[in-house]
Amino acid sequence: MLDPRFRGSDIKECMENLDQIFVQAKRTVMNLAESVLPQPLVLLVSMLISIGVIAAIGPVIMMYLTWLERKVVGRIQNRIGPNRVGKFGLLQPIADGIKMLTKEDIVPEGADHILHFLSPVLVVVPALLVLGLLPWGRNMAAVDLQVGLLLFFAITSTGTLSIFLGAWGSRNKFSLLGALRAVAQLISYEIPQVFSAVVVIMHTQTISIVEIVNAQPGFNWFVFTPWGFTGLVLFYIASVAECNRTPFDLPEAESEIVAGFHTEYSGMKFALFYMAEFLQVFSLSALAAALFLGGWQGPFLPSWIWFFLKTYGLIFIMLWFRGTFPRLRVDQLMGFAWKFLLPMSMINIVVVGIWTYASPIVAWVLGILIIAISFGVLAKLNTRYHIERNRKFILAE
Amino acid sequence: MIQLEEVKAELEKSLGVQTELSGSGLLVPKSRLLDVFKFLKENAKYQMDYISNLCAVDYLKQSQIEIVYHLYSMRNKTGPIGIKVRTDRQDCIVPSATPLFRGAEFQEREAFDLYGVKFEGHTDLRRILMWDGFEGFPMRKDYVHEDEDRYVEHP
Amino acid sequence: MTNTIETQTRPSLSTQQLEVSIGPQHPSTHGVFRMNVVLDGETIVKLKPVMGYLHRNHEQLAENMSWLGSMPYTDRLDYFCSMTNNIAYALAVEKLMGIDVPERAQYIRVIMAELTRLVNHTALVGFLLNDLGAFFTPVLYAFREREKILDLFESVAGSRMMCNYMRFGGVKLDLPDGFVDCAKAIVDNYPPFLEEMERLLTKNEILMARCQNVGILLKDLAVNASVTGPVLRASGVNYDIRKIDKYGIYDRFDFKVPLGTVGDVYDRYYVRILEMRESLKILRQAFKELSAGPVISQKGLIAAKSPRNMKVPAGDAYGRIEAPKGELGFYIVSEGGTKPYRYHVRAPSFINLTILEDMCLGHKVADAIIILGSIDIVLGEVDR
Amino acid sequence: MIAAFYLISVVLIVSAVLAVSLRNLIYCTLCASVVFISSAALFFLLKADFIGVVQILIYVGAVATLLLFAVMLTKNLVSRQYYVGQKRKWSYGIFTASAVLWVLIGSIRSQTNLAELVTADHQLSVVSLGKEMLTAFLLPFEVASLLLTAAMIGGIVIALEEKKKSS
Amino acid sequence: MWGTGVLKGMAVTIKNFFDTYTSKNGIFTVEYPEKRLPEKERFRNFPILVYDEKPEELRCVACDICAKECPPKCITIVKAKDAQGKPLKQPEVFDIDFTVCMNCGICEETCPFDAIYMDHEFELAEYDRMDALIYKKERLSRPWTHFEKIRPTDAKEINERRAKDATKTAAAVKPAPPQASNQQT
């Protein structure tokens, strides 16, 4: 079965070029373009290729993320999930897409038509833009900017504006409530998110995502350090809140304010909102993987397979949250961000400070100590009044 | 189980109220209704602090509407005392029990909505089951069904 | 509905109050029920419940039908627990007619009542968590157990939710042969399900933070507003009609009545889980003591054969039982004819709603939804 | 490069004018955020990446939302679109705008040599910016942060005062 | 410690997630059109009329008891007349309005001639709301063998009882008219 002449190093070498397969593909196309087109147009072609690939991958990722979510949450609830359309329900996303296209697009009377039309577009644009910044594999990042990480946060913060405009444009009391909650939540969770990413910037002295990933070769990812693990946990919780996912899905709380900011959207506009949410889930998980889990760094498999493995691992946790947790209330949501996540991420920065200057053993011990104590103290402070852990019940005659 | 005769005697003795036994309850004159309730609620022996059921019954032949109250005591867990009040079918006004028992609030609104019994002293007496624009009292025996095909303008 | 927006003037910042109608079509009002809420920001300033969308005038229907004719309609009152509705109606008419119920029928009634309590409380815990935002997981775990019990009802009475199984003087048909040990198996594997739900929910910090000290109902307000059922017991009032009236053969079983201390949504949730445990105890004792024998008394059988000429002696009677949602009572006036002269249903959900506004004032919109969920209303019973 | 610059500046000017003259306030804030984004694009053209990104993060992320909140809080100003300015006011506007422009151009031309600034391709790296800020410009950095904390405390006090009054 | 409740909750859901793949009763959804749940014997859906041999001779004698007993009054019966106008012991018209019937089973209980029973058939979708759902006599009638197939134990009991009544009536053939008191034990 295996060819006897096949030597061990061949496997490593075949993995090697499997890893660079996309880069080779682009280079061949580029050589072809160079020989044919004048110089400025070549630059245009290379840009078009990356943009084209990402613009194609984005919606596909989104569609199969909806499928994955329905399957995972289904299995959590002892049911099978979609399995009628296509072999394992694999054609279900396409069926949903067609349904969304054919659904009538209702604009409520008295709604602001321009805003009602513009806001889904403005929500999807940042979600798609951000995909370009992610390092999909070894030298496969579409845009390798010096200020990559900061640009990532800048682009995601523009999403808040369009959600608010969309809700304000649809003149519906429920979406107004949803908009107020959305803006409050997105702004107050951006800060802990950026702070918990500052930890990585301080350690690697750079804010370009590609270099951060390069700084974690082989297996020594940042997550295996005390500050890295807490950084990942804090960043991940903040990004769950950033994409309005389950414990924090107040802006579109279906049991309270019908569907929050996208109550009045149907058809393709609703699909755009849906796509923006799922693309944000993907991009923020990918960023968390890049910052703390070493992006595409991995011992044996080609780099982009590692990238997708880690990202879908983190996405699975988000889907797992979706199947388990009830929703927080607005004031608890705010309290959690400002009174727990923010102080924890600041303490995390202190720990990284110690980490860079102290010797490894002292840094480890001190790091774990500080984080544990601060977690305990903050938890105590936060739940002192609200939660009565075991409450007495009388079994009367 | 509380014997109604004993309650009848007790009421006569302490309040001087003439009540007579009718079916499973005591028929109380409309004017003294609230005093009877207050007495039954505060009296140490009875402590009827829970009004379980309140409903109106339409006696077309005697052209009377009877309101039936069933009182229980949650404190000393004793059985029902049925109190009945009769009013004329046309201008049926009954003192409302809501000042003493908040539990009677919705049931009195339902009696007003379906039977047209006006409870004076009730905080916001409006229709509870029918929509506001509905005329007539559907549960009365002489209620004529409007024919379903006529289109009714709903607010 | 006048849509007035009072602008409350405050020196620094005059904000408008938002009038929202959490209306008949809303994902978590458990049916066609509307709450007119005046909001200041997110906190509730005024809340008026509006009902009557599902009003079918069940009481007038009963006045034009034979006594047994309205038995299938009682299934549609509280469509989650049709067996207990039937029992309550049968009890009231038996009190008026003076029919006695044979031994085996009494045990079957207790078994069916407690199984219905399990079904209702399991579904409620699921729906309460659904209002809290848990995306259908607790509901589907609860429905997994509920389906097994509904299959039992189907094998006994012929239909899962509209059982129409009780007759005056006993039950319609005897238990099929495989019923008892199948029911025993379900009752035995219920505790693991309850433990799993408790592990998933009771100590969950988010649930505790959302439910504790929310919608507190004080003892005396509860008694005065004649609230009954688990909502009353969660506020600490020891009032369970199975223990007080000892109707049927409930005095032969020993079971406890769980009481809460604070009376908030968390207590109401946990009291129902404890009540499920008590029902399991009753069921085990009932299965042990179930004896053979006739299932319907002779007088009852003749009445069931030709309901149209079954006469009930003149008089009036008020029979009540401890339904899963509270005290379900039937007040019946008969003039000796084959049709009831007056037929009134004292519905627990309808009266438990009086205190909805008192509990919701000052809370947020999200709290009002779970307070409504914790009262456990079913619109078939509220609107009759 | 030059074509991109002209394109972006045209977009900037048009949306700036629109931001001032539109009736519906919500559209004004939208045009304002377009102005912010196009100015960030200009910074990118000048290869000052960090400033461009911070421009997007601060202005589009926070200031635009602030503007929206301000519009939201003004009592139903938005629904009644009414036109503020009269004809006469335009002349004042143009006069002040041209005066400011003249002062700006004068000061830039006298101090630096414009051509050399544009062609200089020194790579403004974030690291050098950070070092610069914490060494040479430490004092202004501290004063600015002091100002910010004062502003935040002011905001909290107003909010707390209102909460005490309403509860 | 803060957060353990949340983790325990997640442990439960992940266990259920893997149970669906590993343990036997993890997944119990019955995929309806292909696989079906076994029907309970006493399941009652819409009523059917029963005949012994020939579909014209229904057991029903048009005594109108079930029409009077039916709570929502959805049964209409017209007695059949032979040529000379003498009423026959057969219904000429017997239709049930399936939109009104709530399959409560009271007609089955009160019918003294074992003529009407509740069927197990529940796939009754129609394209036309008005007259397609008013089932005529022909569509309602089923052979007794069908009843024995779907409800074996009840059928056995009923057959015994009918056999006993038949012998009793045969024995007391003289004065007493056949009093078929139908004991539904």
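Labels for the chains are A, B, C, D and E, by order of writing; each one numbers its residues from 1.
The working rule: a residue touches a chain if its C-beta (ideal position, glycine included) is under 8 Å from a C-beta of that chain, and two chains touch if they have at least 3 such contacts.
Values in this document were obtained by computation on a predicted structure and should not be read as measured data.
Participant: Between chain D and chain E, how many steps is the shortest route if every step has to go to a touching chain?
Facilitator: 2
Participant: Chains in contact with chain A and with chain E: which ones?
Facilitator: C
Participant: Farthest from chain E by Cα centre, which chain is it? Let me know.
Facilitator: D
Participant: Of the pairs A-C and C-E, which shows more C-beta pairs in contact?
Facilitator: A-C
Participant: So which chain ends up closest to the centre of the protein, judged by Cα positions averaged per chain?
Facilitator: C
Participant: Based on the averaged CA atom positions, which chain is farthest from chain B?
Facilitator: D
Participant: From the mean C-alpha coordinate of chain A to that of chain D, what's the distance rounded to whole Å?
Facilitator: 29
Participant: Distance-wise, how many Å sit between the C-alpha centres of chain A and chain B, to the nearest whole number?
Facilitator: Centres of chain A and chain B (C-alpha means) sit 62 Å apart.
Participant: Counting in whole Å, what is the centre-to-centre distance of chain B and chain D, each centre being its mean C-alpha position?
Facilitator: 71
Participant: Quick check on chain D: which residues sit in contact with 2+ other chains?
Facilitator: none
Participant: Could you list which residues of chain C touch at least two other chains?
Facilitator: Residue numbers touching two or more other chains: 137, 141, 144, 200, 203-206, 208.
Participant: At least two partner chains per residue is the criterion; list those residues in chain B.
Facilitator: none
Participant: Mind pulling up the chain B residues that touch chain C in the complex?
Facilitator: My answer: residues 23-25, 49-53, 55, 57-58, 68, 70, 74, 77, 79-80, 82, 101-107, 110, 114, 127-131, 138-139, 155.
Participant: If you look only at chain C, which of its residues touch chain A in the complex?
Facilitator: Interface residues on the chain C side: 18, 20, 26-28, 39, 41-42, 129-137, 140-141, 144, 200, 203-210, 212-213, 236, 238, 243, 256-262, 266-267, 270-271, 274, 364-367, 369.
Participant: Touching residues of chain A toward chain D in the complex: what are they?
Facilitator: 112, 114-115, 118, 145-147, 150-151, 153-155, 157-158, 160-161, 164-165, 168-169, 183, 187, 190, 205-207
Participant: In their shared complex, at which residues does chain E touch chain A?
Facilitator: So the residues of chain E in touch with chain A come to 1-3, 6, 9-10, 12-14, 16-17, 19-21, 26-29.
Participant: Could you please specify the touching residues of chain A with respect to chain C in the complex?
Facilitator: Spelled out, the residues of chain A in touch with chain C are 73, 76-79, 173-174, 176-177, 180, 246-247, 249-250, 253-258, 322-332, 383, 386-389, 391-397.
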